[in-house]
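Quick heads-up: structures coming right below.
Paired with chain B in one complex and with chain C in the other, chain A is shared by the two complexes that follow.
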Partner chain A sequence: MLDFSTLPAALPILWSGVKMTLFLSTMAVVLGLIVGTLMCSARLSKNYPLQLFARFYITLFRGVPLLVQLMISYYCLPLIGINIPALVAATGCIGLCAGAYMAEILRGGFQSLPPGQKESALMVGLSNSHILFFIELPQVIKLTIPGLINETILLVKASSLISVVGIAELTRTAQNLAASNFQPFQFYLTAAAIYFVLNSAISVFGFWLEKRSNNRVIV
Partner chain B sequence: MNKSSANEPIVQVQNMNKSFGENQVLKNINLNVHPSEVMCLIGPSGSGKSTLLRCIAFLEQYTGGTVLIEGDLIGYNDNADQRKLASTKELNRVRRNMGMVFQQFNLWPHMTALGNVTEALVRVKKLNRKHANEKGLALLNKVGLSERANHYPAQLSGGQQQRVAIARALAMEPSVLLFDEPTSALDPELVGEVLQVMKDLANDGMTMIVVTHEMGFAAQVADTVVFLDQGEILLKGSPKDVFQGPKPPRLQQFLQNYMDRNAFWE
Partner chain C sequence: MMAFDVKVIIDHLPQILDGFVTTVWCTVWACALGMVLGLIVACGLMSKARIFRYPIRFYVEVIRSTPFLIQLFLLYYGGPSIGIYLDPIQAGIIGLAIYGSAYYAELFRAGFNAIPEGQLEVANIMGFSTTNILWRIQIPQMMVLIVPGLVNTTIILGKETAVLSIVTVPELTFVLTGIGSQTYAYAETLTVLALAYLILAESTSRLGSWAEKRLSKYMER
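And then the complex of A and B:
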């Protein structure tokens, strides 16, 4: 049998790793939604340069592995004189990357709204920004809950990549503990269980959110 | 029954054309709609009647001629033989005089009936929430739905949704209401309640342009009936002139088709 006797003493350290993972994932989702909404409206804009910029952005951030993006921001930016703390670089990277994916998820939602939703809003004189944020976005979020929850779970797992730039999130913490105790099984299994619980909670939250919005709103 | 044609027209359409690329869908349209006038646009599908209505609202850009709402050109700025698209702000200013009711209702599904009616009162007219709710409830009462104020659109029948949409359009106090086939998406049993609300509005003196397939409504309520075919106005006149006077063959055929379809007893 595996000996888990070293685990209780390591729990406070693991907990600090969990907190960092939660912080990074939350930042990724929040930044991703903001960047994603902006990029999505740029992508759907009739302004061609703006649209081109959004296409370029999305292709770039979806086209390069997050791991490579993290390496570049951590190792290469300082070489050209840009010194930013590792945590800021990592948060920025995962947020910008999430934005590219979320822009496309949201675009799917925007394009499935009947054009009449916007037309009826224009006819009572609502402004374009009001239509975007208060008429269209609430409906789009509802339509894209499954996709957004999916992306959130992917982001929680992607945050483990940030361990390579020396930030003590859950994976990095488990790695350190495994090495110092010579017990890889115990600590990686514990990390796996924690990730599993976090992501299960997110999918339960997703089901709840879908059900709640279905009771009120049918498009 | 023509109530006050002496006044300035609210809507003036002059030599208006509309093309989608090579395809000309409206040809040289001329119309005047006076205060309190009810004008019904009838015609076969694809005749351009909905496009005409959408050009008046500038949801489609007309490609020639002018459309004046209360004397203001909608959608464009004309100066010294140069025509430019109007700014959003100017477009909104001219549109303020119009309300529109759509075939698919287009209520916002994440807001209650009352929320749909009051949204523009709060955001555009800047009324406070309490005042807006009072006004919204009065409007819902007018269309017979004050008891459904806190229902979401999905909890309402089609006829009720369309009546909420009418209340929403009335909230901004437009001088003309545009209806784009308001009963075409409804179960036959629910058509009557929407037409009744429209009749009440007409009796109150609301100026209305109605694209419709309801010939009965056109005959009973309209001051002017306009028959469109292939993008042109073939006939314009009082319901009596259009339905009982001498008819161009295309109108004869259109009405015969309508009567054949609706006849169920000799």
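And then the complex of A and C:
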């Protein structure tokens, strides 16, 4: 039978890993949303070089595995003279990658808005930035909540890869504990359970958000 | 700033090609197994018996909300504690197939749901058996409907094979990072690595659009 007796003593260590995972994921989501919005506007802009750049960015970040991106940010940035802590590099990396995915999700949202809205907003004399921030973005975010929540769950899962560059988030902590207690199955199972709880919570939050925003938005 | 030395790549070309083949091999096997498992899981998800449906729904949720890395560790490092002994490639393929099965299952379920109810009713009245309806009416149409999603999931799984390098499967990432740490030629090896994955993803997507075009010819209603 599996022996879980070492687990209680390890819980505080695992908790510190959970906090790190949450911190990394939150930072990545925030960065991803910012980058995603920018890339999405670039992708939809009429400026051709800008559009091309956004396409290139999205293809690149969606086509290369995140693990490889993390390794590039970890090994190659110092080679070109950028010395930043591994934590910053890793967070930036998953944030930029999330940005590419979020750009595509948001683009779907923007394209589903009726074009008449923008035309009438221009007619009544609203500026482009006004239209973006006060008319389009609020609706797009509400429309794309399911996609964005999905992406957030993917990000929490992706943050496990950061363990490879030696940051003590949940996976790394579980790895260390598994190695020091010689009980891989127990600790990885616990880590899996923790990820499951975290992501279920995000998913429930998503449903709640979706339901709440549906009551208010009229599209 | 350092020079970009192509020689490192040319010298290790045979190894890199081996790694490439392993990556493709793992992807193909994992996707094939994942689709078969996914189809079974999808049938379970749509079953009317709760005793099947609830545990399978739980399986799908657990697989989809835990990282692949943890699942792989659990299988490869944790497996021996419960009597499962696998070599890295086996663990990698089985792990990836299990991970993929949950995604494929959701896709198959969506495809099944997109088939008009009327067809099944008609087939039922015409005296088709349930197995016949499944094999001759539902599965062929569902497979065509979900090609775009299938291609997407296959690309995602193909990229996920990079994670197998962590459990020492000698695939592309493992080989190239190995060469990188032997020769310190990180920039060269990692660039080639990124390019190789881009090529893989791009060719999968091309193959997918070709298949979509060919298959949807038969779907005129």
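Convention: the second predicted complex is superposed on the first by the 218 of 219 C-alpha atoms of A that agree within 3 Å, B and C clash if a C-alpha of one lies under 4 Å from a C-alpha of the other, contacts with A are read in each partner's own complex, and residues count from 1 in each chain.
Criterion: a contact is a pair of C-beta atoms (placed from the backbone, for glycine too) under 8 Å apart; a residue touches a chain by one contact, two chains touch by 3 or more.
None of the values given here were measured: they were computed from a predicted structure.
Contacts of A:F185 after superposition: chain C is touched, whereas chain B is not reached. After overlaying the two complexes on the shared chain, residue contacts for A:T152 are found with neither chain B nor chain C. Judged by the touch definition given at the top, the superposed model places A:I135 against chain B, while chain C stays out of reach. Of the two partner chains, neither chain B nor chain C is touched by A:T173.
Contacts of A:G125 after superposition on the shared chain: chain B is touched, whereas chain C is not.
Between chain B and chain C, more residues of chain A are touched by C. Looking at the shared chain after the overlay, A:S160 reaches chain C, while chain B stays out of its contact range. In the superposition on chain A, no contact is made by A:T37 with either chain B or chain C. In the overlay built on the shared chain, the residue A:P114 is in contact with chain B alone; chain C does not reach it. Note for the complex: chain B touches chain A at residues 57, 59, 88, 92, 95-96, 98-100, 102, 104, 106-110, 119-120, 123-124, 152, 154, 165, 168-169, 171-172. The touching residues of chain C, counted against chain A in their complex, run 1-2, 61-62, 64-71, 73-74, 77-82, 159-163, 165-166, 173, 177, 180, 186-187, 190, 193-194, 197-198, 201-202.
Contact residues of chain A toward chain B in the complex are 114, 116-117, 119-128, 130, 134-135, 138-139, 142, 216-219. If you check the complex, the residues on chain A that touch chain C are 2, 59-60, 62-69, 71-72, 75-76, 79-81, 153, 156-161, 163-164, 171, 174-175, 178, 183-186, 188-189, 191-192, 195-196, 199-200, 203.
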